């Protein structure tokens, strides 16, 4: 991708994640979109919206148009829903990146919105299982959690990783979220809490899993010429997408995620950086195992060393590389289609120095990782603070 | 009755689910003395199908065992009969599901039969006719049931789950057994029935004995012996329908068969009454051990009422076929005891909210 | 699940069939109209072996809709005797140790789910520990 300059971020917006009974999908979108648009001082020319389940859980397709109309934060613009399961947000960002870098649009709003708290849990479980193969995984009773459980079991066995090292990841996420005003879960937990929590799909327990909740995030991407006097200015320097088979039985390995490795390689190449250049990293910890796998597959540490990286304290805010300083999916929350945009916004705010108590000092280069399915569609994006 | 062209049994196979509900446990729930039923019925426990099983799934496993022994390609099977009084659908044939699962068809006859506990041997009679007439090369007859009795009812102690399949084809010494002849004997005798919409069957208690079971089992058997010019002492094995562990012993005594000839084929003390599978599962157990040259009598009984009676002579081909599939006793010995609550959960006595039953 | 969606996959679900690519020779599951390895259209349906071993598994306690009656149940990736991997549900697991990586299993035809009291019964293959 070399046509045109890299887009820059002119505004961001986030909502608190939780059971937002009083807010519809449009209301949540409005809250995040208004923050981003007012900060940017300009209206977008197009909307790219990540969402996975509104058709099933809210009876609303045609979602991007539906929420921009319901919100009416800016005049109606071409609106595209982008869906790739839990990486819908990341994919929406890729679409926005391509739209601005190619010169087709000058400024776009990339957003994600999801509501998961209103239907009974078995209906939500079934909706999320749509990320898996409906004919050959969901048909045979797979829940999304159970597919990730297969990976956790294989990983622990292949690399001789103690269970407690994975539990510690959840503990760190909760500790980080204590400082996060928009996080869904703001309560410290211990390793014992994780290991005594309810078994969902062995070996995954309740406190290994990100909670389900409602939320929206937005960021306004524009061509650099529109950034008048914005300082610090953050640029989206590169994106990468990696894919693999939809169903677990087709993967070459059950203890790593090649899709993430492919996405990271492409993103770093486009941005001209290495993993060691990163100051902050947001990974897709839908389950504690996924955090361990992500830092390996992204190339921060060698295969099998991911859980150890967290165990040794290297992922703390003041560690070698801060990972999920806002609490990650586990504690900040995981409104599925919005998650990728949350991760992107969190990186941007770190590079802008706007992360308050969660700030990683002197953050200049950051990346976010967003994973769809049990390892089938990964998005990695690299942001840099422009000097 | 003898078909124009001779017919042999090529393959036999059974399936009995692993779960067992004891007479003692049912007695415990209903406040009865377990000895009453254990002694009266000579039944210790019954086999119960699990939550992911039904007459179709059991029929498929039994048929796979039978087809393995028969060593025939599914494409050579021209007829599939599934006899059951507990088919998964009221309208939609089990036989087509079973045929698809086995790779049989599309050029095949397929039908479901109902005649209470003799629906399996009904299918056998029909398959014999089709093979003997030359219309099909091989026929597959299956009896499969997940029978249930009403809560606390007499039949709850014995109504069980199981399946047996038989593959018949043209007469050959390479087959397992050749058919000497058969008889069917029916009358409108209302000893046991279930109206549409009723969840559990009704029955005549004692009426199911003399005027029903014994009249038809003995009537059919006597007619067969007379037609073939045979006497009880000509038989090495005899298998009767076995609603409990007592009736077959009484019938054997009435007809002049020795109790020792009954032993191998009498399984209801251990697995209960598997209804359309009952008599043919006993027959399957006999074929698991019988030697070439031995003669076997099989007489079923179905309420409503009727009996099919067959005489078979075991042929040389049986030895090579026998090891190709699991034995009935392999299934009987695989035993997982459950309590009454699990039994209700597995067999649909408790309705889950929209969940798998 | 609509009736046609179920019916289209009956062969794969009932008989555990995959495809063999006549161009590159590889066997894959589930059946597709083109080879997932070399993308040739020259593929034929093949019956897969009915025996295999467990590669990884999970005992599931929070089920999706329609599977409550089986809880707890195992899902697993199974490697069949010819090396092809399939994903499936296990059944009849009676050992107190449950299953392990490497447990040998055989395919059995079972009920998978039901579309309520009045809809279709969905059948397919599950995997049962051998012995």
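Labels A, B and C are assigned to the chains in the order they are written; within every chain, residues are numbered from 1.
We take it that a contact is a pair of C-beta atoms (placed from the backbone, for glycine too) under 8 Å apart; a residue touches a chain by one contact, two chains touch by 3 or more.
Bear in mind the structure is a predicted one, so any value in this text is a computation, not a measurement.
When chain centres are defined as mean Cα coordinates, B lies farthest from chain A.
With centres computed from Cα atoms alone, the innermost chain of the structure is C. If you average the CA atoms of chain B and of chain C, the two centres end up 30 Å from each other. Here the spacing of chain A and chain B, counted between their Cα centres, is 59 Å. For the pair chain A and chain C, the distance between C-alpha centroids works out to 31 Å.
For chain A, the set of residues that touch two or more other chains is empty.
The multi-chain contact residues of chain C, meaning those touching 2 or more other chains, are 65-68, 70, 112-113, 126. Of all the residues in chain C, the ones that touch chain A in their complex are 1, 5, 9, 12-13, 28-30, 36, 55-68, 70, 73, 75-78, 85-89, 101, 112-113, 122, 124, 126.
Within the complex formed with chain C, the residues of chain B that make contact are 18, 50-54, 56-57, 60-61, 88-89, 97, 100-101, 103, 336, 345, 352-357. Those residues of chain A that touch chain C in the shared complex are 121-123, 125-126, 129, 133-143, 145-147, 149-151, 153-154, 157, 198-204, 245, 247-250, 254. The residues of chain C lying in touch with chain B in their complex are 10-11, 14-15, 47, 65-70, 91-92, 94, 108-114, 116, 121, 123, 126.
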